[in-house]
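As written, the chains take the letters A, B and C, and residue 1 is the first residue of each chain.
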Amino acid sequence: MRLALAAATLLRHRTRTLLAVLGVAVSAALLLDMVMLAGGMRESFRDLLLVRGYQLRLSPKGTLPFDSDATMERAAALLAAVRADPRIVAVSPILGGQLHVLGAAPDGGESGPAATAFAMGLDARVQGDYELVRGRHAVAGAELVASPAFLRATGARVGDTLDVAAGFDPQLRQYAGRRRAVVVGEGRFFYTPGEQPVAALPLATLQAMRGEEGRDRLSLVMARVADGADVEQVRAELQRRVPRVSAISTATALAQVEQRLSYFRQLAFILGAISLAIGFLLVTTLVTVSVNERVGEIAVLRAIGVSRAHVVQQIVLEGSALSLAGAALGLALGLVTARYLNAILGDFPGLPAAFAFFVFRPIDAWRALGLLVLSGVLAGVYPSWRAASLPIATTLREEAVG
Amino acid sequence: MTPQELADAVGVVDGAGRRGAPPLIRVAGVERDYRMGEETVHALRGVSFDVAAGEWLAVVGPSGCGKSTLLNLLGAVDRPSRGTVRIAGEDVGAMDDRAATSFRLRRVGFVFQRFYLMPMLTARENVELPMAEAGVGRAERQARARELLAYVGLAPRERHRPAQLSGGEQQRVAIARALANRPALLLADEPTGELDARTGAEIIDLLGRLHAEGTTILVVTHDETLAQAGGRRIHMRDGLVERDDK
Amino acid sequence: MARVLGALAVAPVLGGAPGPGAASVAEAQPGVRPIPAVRGVAVDERLRDDLGVRLGDRVVLLGRPGDGRDSALADTVRIDAFVRRGADPSEVARAEYRVRLHLDQLQRLAAYDNRVDRFAVATRDSAATERVLGAVNEAAFGFRAHRSRDVAVRTSRTFQVVQRFHRAIGVITVVASAVFLLCILLLKVDERRRDVAALRLMGISRRTVVGALVLEASLVSLLGSALGLGVGWAVTQGINWYYQGVYRTPLLFALVTPGVALFAVTLSLALGVGAGFLAARRMARTAPLALFGR
């Protein structure tokens, strides 16, 4: 009966109810988006870092991985030091650099680079930077695995042979190393932007091609710690043993990236709070006005024996119904706007293609929308209690006179 | 035991020495004051009377004499400033809100001048409302609601909303609602006040039928026809009982 | 102006005298002043605050982390100046320190020999810029020349993304506010139904009634806009104060410009008056007795 009464009351003023539901829906959508944003970056980045299970990263002192062109020297000694720890079960060394794909001039001579790509020298057995989509890994000599952007930029396909070079000296106008490399596979690279051409070569090949700048040098070392071992402890010990590098755990990397992206988290918090406040205010105002209009009806209900608590329940039910309807609509709206906003932020230069700002987790939706519905419930309590507590006789008399 | 309580226990003895049932309603020295800004209005200034079960009493008097205030006190909608109001032995003036609410729900049926039906509910749903509050199951209350609507001659109109009913039909729905929980007492405040003569007569007939079946009725009215229908009249003026035509 | 960008380690020296590893005086060229043993550098305010150094303090710069001050890639320098960071958005999220050295000094420390990362060239006028650009790129020495403005456009892509994001959020909040405003004004006008009914019964025309309600809505909107401007301005002050502290930059993060203020006020007035008009018109069209609930 109470449900029927609540529904009937809400349907009595359709325009008003519809507007209120819409208002709550937009607030709910914004609130959901902000909750997704607040947690999404961290989740997405964490998933990215752990995609192949490597929990530790060693990079040049004072830098984050590939933050600069700096490299770590005495790579062999560094790798030996890392592998010496029995708790480390896998080590992936990486050298980064520029790779030029050379074209042919019309006169048969050599023209400038037809395309320039970011190259990663890897050990294909333990690499954690790409997922093979087609073909096979580059394991020996002059082979490479290319990203879709690389293939587009060069017009090459898997199986083609390309003239590639690295270690360009602009003064001597010479490359330190050239190869005729076969494209043996296509890969989806996790940590590079989607539009950037990327190629993975065997580590030794790229080190040799970069000449002095690549000899016995690495840009990054990734390490996987055995299950059950304390990652933070291993990291601290590595840092002590090799002070010339920066050892970063997933947690540290997350913290540093979070610090850089803290603006978005704070924005998410502020906008989320504002959305919640707007949703609450809307329902409160609507319920208050509705109750004020029905003071006479409420007095009649009290006069025929409906208890104060039941009157309050009735009105709270109306507020809850508004919030629930708005939240349900807001969920759908929020998912759509999140996709749109994610697409905007995905345009950040240098952002890994797999990174997302807005990540949907059901728990977040429950939390956010649950909060909104709760605020709708609370919004009705005070005005309804006040109205139900008015003296019945006086209210009836005033209502009769009015 | 006070003399009054003893009299109530053994029954009222009338002037001829005949002993009857204890009164359903006993109003003793009731006063009601209201603050209106700086002034105090004495709406009731010491009203006393009894009403036996099964009686039909009309309270008449000019506007502002305290009739509606008296009705509100009897219905536990308001509390006396002084004096007692006993209905079926219970002091309704001393009840807390919860007890007064329960009293109104189960012991008293209220009929208002302006009907006060819920505009967004159908006729049947309006009649069901007090039963739903009293915890009556859905099937049972729907059946009783239909029964009551049939009693007041509105069975075909059960799905109509108040806006689709005439004044007389709305008042009949209101009467059906007042009877929902089988109250001992029916209180009516100007039940024909908003109705034309013919419709008013229909309402009076309906009240007459209820009375004939044993319902105790107390009406407050300016309507002379309604005032005469019951037989007993209390005339009020300036907050006092001027005359009691038993 | 040539620049070398490299990562250096900084180790403070306690005391005034230079350490044994201090750079030796370079051979002076004829006509050129001799290079002093301890040269001055400028550090940024962040480094000053975090290291707690003062003007005149000596520090050792290391080109390779972990090296000792005797290393060939080490240099003892004196802090001669502190540099304030510019309001450069591209530097905001970077927590790095900045040290300004003499070119040859950094070339030696970074083992760069006779190399630089980039040149900046000032030309006489825009025609000269185009000539230089063409000549440099044709020479094909393995590097490219760019107009500063083109570099600015490319590097500002991050902020374009942020701007688009802010705009999208702005649109969503405006929509939410519009719905909220419509709803509230509808409710407020609805609350006046009995007043409106009484006026209409007295013979006041619909036009007058609608006009009065719209005037009320306009006043409320105007007042609300003024209040909102004040709140908005105060909030931007708070935002700038907070983020300038967090990122240690003089950059302004939020700004209420005359254009922004005008847009906000215009929009809220339009919404308020529009909503008030719609609600008032709806009410004025309802029969007075119906407004009384009869």
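As a working rule, a residue touches a chain if its C-beta (ideal position, glycine included) is under 8 Å from a C-beta of that chain, and two chains touch if they have at least 3 such contacts.
These numbers were taken from a predicted model, which means no experiment stands behind them.
Chemist: Please state whether A-B or A-C has more C-beta contact pairs across its interface.
Modeler: A-C
Chemist: Return the chain whose centre of C-alpha atoms lies at maximal distance from the corresponding centre of subunit A.
Modeler: B
Chemist: What chain sits nearest the middle when you go by CA atom centres?
Modeler: If we average C-alpha coordinates per chain, A lands closest to the whole-structure average.
Chemist: Distance-wise, how many Å sit between the C-alpha centres of subunit B and subunit C, to the nearest whole number?
Modeler: Subunit B and subunit C have C-alpha centres separated by 74 Å.
Chemist: Using mean C-alpha positions as chain centres, tell me how far subunit A is from subunit B in Å, no decimals.
Modeler: 68
Chemist: Report the inter-chain centroid distance for subunit A and subunit C in whole angstrom, where each centroid is the mean of the CA atoms.
Modeler: Those two chain centres are 23 Å apart.
Chemist: Could you check subunit B for residues that touch two or more other chains and list them?
Modeler: Within subunit B, residues 119 contact more than one other chain.
Chemist: Can you check the complex and tell me which residues of subunit B touch subunit A?
Modeler: By the definition above, subunit B touches subunit A via 68-69, 72, 75, 77-78, 97-98, 101-106, 108, 110, 112-114, 116, 118-121, 125, 128-130, 132-134, 138, 177-178, 181.
Chemist: Okay, in this complex, where on subunit A does subunit B touch?
Modeler: 1-2, 4-5, 8-9, 11-12, 296-297, 300-308, 310, 391-393, 396-397, 400
Chemist: Any idea which subunit C residues touch subunit A in the complex?
Modeler: That would be residues 6-7, 9, 64-66, 93, 95, 140-143, 157-158, 161, 164-165, 168-169, 172-173, 175-177, 179-180, 182-184, 186-188, 190-191, 194, 243, 246 of subunit C.
Chemist: With touch defined as at the start, can you tell me which subunit A residues reach subunit C in the complex?
Modeler: Residues in contact with subunit C: 13, 15-16, 19-20, 22-23, 26-27, 29-30, 60-63, 68, 70, 112, 168-171, 173, 243-244, 259-263, 267, 271, 274-275, 278, 281-282, 285-286, 289, 292-293, 337, 340-341, 344-345, 347-349, 402.
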